[in-house]
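Each of the next two complexes has chain A plus one other chain: chain B in the first, chain C in the second.
And then the complex of A and B:
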């Protein structure tokens, strides 16, 4: 078997950042505290911004710097702040300051979840391999990683039975889509990307309100009780 | 010019001679981080010298295996440095005896022998440690396999010298995700194999959390010294594989001239001490995992190794 050739520093670095974004997604399986979950989401979003700066610098697309700035301002600062505020207003002692435990909300053990995540990520990798997409921005491996991020975010949302993890799962799923957008169409008009970001902001507000409402009614973050509403 | 066989012997001498010193440096750094003064840097050598002068006792009913195992295990540790790039960038003749997998087999043979000796004793703690060590070794094994797969895909062979040469060849080889992920996974396996936080407290006396440390409980005198020395040697061997093959294959001798080899003999322990300091920082910044959470640690390492193969195999990363 022939040795694999080196892909070059830019491609390698972009792929490493993409893989780190995927690892952050896996890291969310592990987080037991809501606060840490939000923090990890902020870190993941910051990685997206770093990748945008890298792609912008190498491909000479200055609008990506703006996108990176907006991403940091919105996803790494504003949304985590907003989420924490919404949750703090719900019940300060119960949720944040005592570090409300969302660990037990998983339907499976951590190791099994990670294994399922690996299988799902493998599916993402394989399906990206057969897509006839030639990347205009970041390298192609990052595209397969972005598909994996989306799929693993689904696993997070499905297996956690608490509202907060499900919301964070949805937001980080959007991070996967941003990653894919950076790969496939780095020069996507800025106004579109910013519109997407504000869409996300709207989703955060809606989700925050839903979380508060649910917590107000059920006095817990768990969605397990909702099953009984099924007809 | 040094004759090649001499360089070959120096590989083993460097590892075996420097291992207690590296262990001493790590213990010292760890103590300083905890605000203690810490033992002397050469303390492990004094410990070994003391133990070699002491009387050896064996529990009643233990067979010859109990006494043979430390010697045989130490022999295994003497063999592995011949297979990996310790001092030179070019492969030495005996380096072709085995690949990374071969080195791994010999290391696990040593672990198996120590476990068998622990079972011989009939002491509950030693047996507990042996059984735990084997149980968790079984779940870190797939990680090592996937790391080897990554190496094989990267270089087309699984000789450690070949990967070291590939890593040195260009910056693109260092930053590619497959390499970074494989190195990270191997580092996590090394934390497990050397009995460090978050898997095991290295220097505690709490038997309930013990894995590797519990195994030599019943050994004494020179046999205990061999086991202690052996575990220090194993630690340095694993560090050498991580450093000279994956992370920092620089400072090795490109020729077999005396000066170059001496530089390499000094560079390796120095690099190992830096890595050891990092391990000591990790030791002091994390809590020990509960025993049944160790599977989660192994799952994380497995995730890294598998993603490494994925990025290589499917995306060309």
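And then the complex of A and C:
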């Protein structure tokens, strides 16, 4: 899968970072505390920025440095701060009202869910192999990993039964797409990348408003009561 | 003409900013003026795009296909703006709620219309994606605006599912960038026109993947099965003017994004694969919606499932591929906007009159509402593709196109399912409008004249589209069809 002419250190480093991003995604499964999930999200975003710097340096794409800076400012600092402020407002101890909500209620236990996560991650990893991708960005293996991140983020969103975790799952899904973009669209004009990031910020603000509304109505972050609309 | 385009994009935005600061009455007047002005500006664009596409500032590109969708949005924006004046005034204590509600409502409505007007005008797929994401964010707030438990639940499901769907669409957009950069070089910026120009040289596997991701992702916002699940909730819990915009215009604008990917995909892959994908999604959506329409308790949800039905018809129509089917699809976008706008606006009158969304709790609508009753009935009949309304013509063209392209089985399935849907809708309408009222008779009369006038306009539009579409419009649709078929 590795292109034969690729510089070994660069490919190895980029792949290690991509795998760390995937591990951060899996880490979110087992974090019972929302605060830790936000930390993991911030760390994951920072890893994206590191990878952007690496790709920018090796592939001579200086605008990726700017992208990395904006990524750190928005995704590793501003959005986590917003999320933590929100969690402080909705719950003084950062904890959910009932501990079991967050540790994975629903039909499946944590172990089974992680197992499903591993299966979809493997599926995403190998399904990217059919793509004839050898871009001007990060190595192609990172694309496979990014599809794994996206799919695992979906499992996380489905598994979790509280609005805050679902939102963080969605934002980490976006991180997976950022990773894919670094592989196949590294030279996407900076202005568009930055517009996408500010769009994300806007989405975070609206998610925050809706989480607050939900908390105001239901006095919990759990989605267990969101069952009245059906049919 | 560049000025017209820029004004079209500036007027709703200016209205949105101004209405934040204005008291409710003035904000309503400003919104209505902005809506009508926007519709007028779109009308002015029709002759302009009949000769050439309009390019402004490098990232705005308006062609005939864009104008079709701008027309649907502009028309509904004007109708809903006028209607909302009556909707807020007739709300009793609920409508005269704190000024914060009215302010948020008017500003949100204008922002929402603005986001839907910029999306079809974007000449760049990344900006198109951003505009559609903005429509999600703004409309999620509008869905939540009532602040009830139901609204909070619907808004959460909507924003989460639609954002997740759009994330998939973003992945598709990134892959299409990769395909484009493969041919056009690293300085490519996702502009649409150059991509279409080199479509034949794009790597097919990547385009195929991008198209499927785009259909699934934008399809979430269109309301295609199986990613439609947010739609009935959001449509039923949003304030009714917002429901009308969601259904008539937001779904169509998202479908516009799919059509852009369809253009690229069918130029790159041949039309077989993209049509098959749309066919599967379309038939599944139509089937699901027709069955759900048979047993609905809530008339706003009924109309929401009818939207799923009509979006399924759009997808099927594109999958037929024959020119007359494509012309039918584009006419369907316009007629569905007018009909569904009318139906939701009529439903809003029913909500105000009877104070409930339950079908079984409404009766005698035709007696109590001298104008809205018959017009709601007309809207239901129009949605069921009864002549002489526009949807009859458009669905007739789609079925004709299906038969012409030898998709006989699918065309037959379409007719059967549309009939099933008609059955479900007409039973509900019969229950609400024609059953005599048992309870002591409420006052006969309309809640507000402002809630009648736009529906009359919508009815007129439906009749015009059904009986004799103006020549300029037919020319516009022809040009848009040529763009879709890649023969422009």
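In this section, the second predicted complex is superposed on the first by the 207 of 231 C-alpha atoms of A that agree within 3 Å, B and C clash if a C-alpha of one lies under 4 Å from a C-alpha of the other, contacts with A are read in each partner's own complex, and residues count from 1 in each chain.
Keep this in mind: contacts are C-beta pairs under 8 Å (C-beta built on N, C-alpha and C of every residue); 3 or more make two chains touch, one makes a residue touch a chain.
All of these numbers come straight from a predicted model, not from anything done at the bench.
When the shared chain is aligned, chain C comes close enough to touch A:154, but chain B does not.
Once the two complexes are overlaid on the shared chain, A:110 sits against chain B while remaining clear of chain C.
When the shared chain is aligned, chain C comes close enough to touch A:187, but chain B does not. Of the two partner chains placed by the overlay, only chain C lies in contact with A:174; chain B stays clear of it.
Of the two partner chains, chain B is the only one that A:19 touches; chain C does not reach it.
Judged by the touch definition given at the top, the superposed model places A:122 against chain B, while chain C stays out of reach.
The touching residues of chain C, when paired with chain A in their complex, are 124, 126-127, 130, 133-134, 137, 140-141, 144, 147-150, 152-157, 159-160, 163-164, 167, 170-171, 174-175, 177-178, 181, 186-187, 189-190, 203, 205-206, 209, 232-233, 236-237, 292, 295-297, 301.
Across the interface of their complex, chain C is touched by residues 130-133, 135-136, 150, 154, 157, 163, 166-167, 170, 173-174, 177, 180-181, 184-185, 187-189, 192, 195-196, 199, 202-203, 206-207, 209-210, 213-214, 217-218, 223, 225-226, 228-229, 231 of chain A. Residues 1-4, 6-9, 11-13, 15-16, 18-19, 22-23, 26, 30, 109-111, 114-115, 117-118, 121-122, 125-126, 128-129, 139-141, 143-145 of chain A are the ones touching chain B in the complex. Those residues of chain B whose C-beta lies close enough to touch chain A in the complex are 152-157, 166, 169-178, 180-181, 295-296, 298-300, 302-304, 306-307, 310-312, 314-317.
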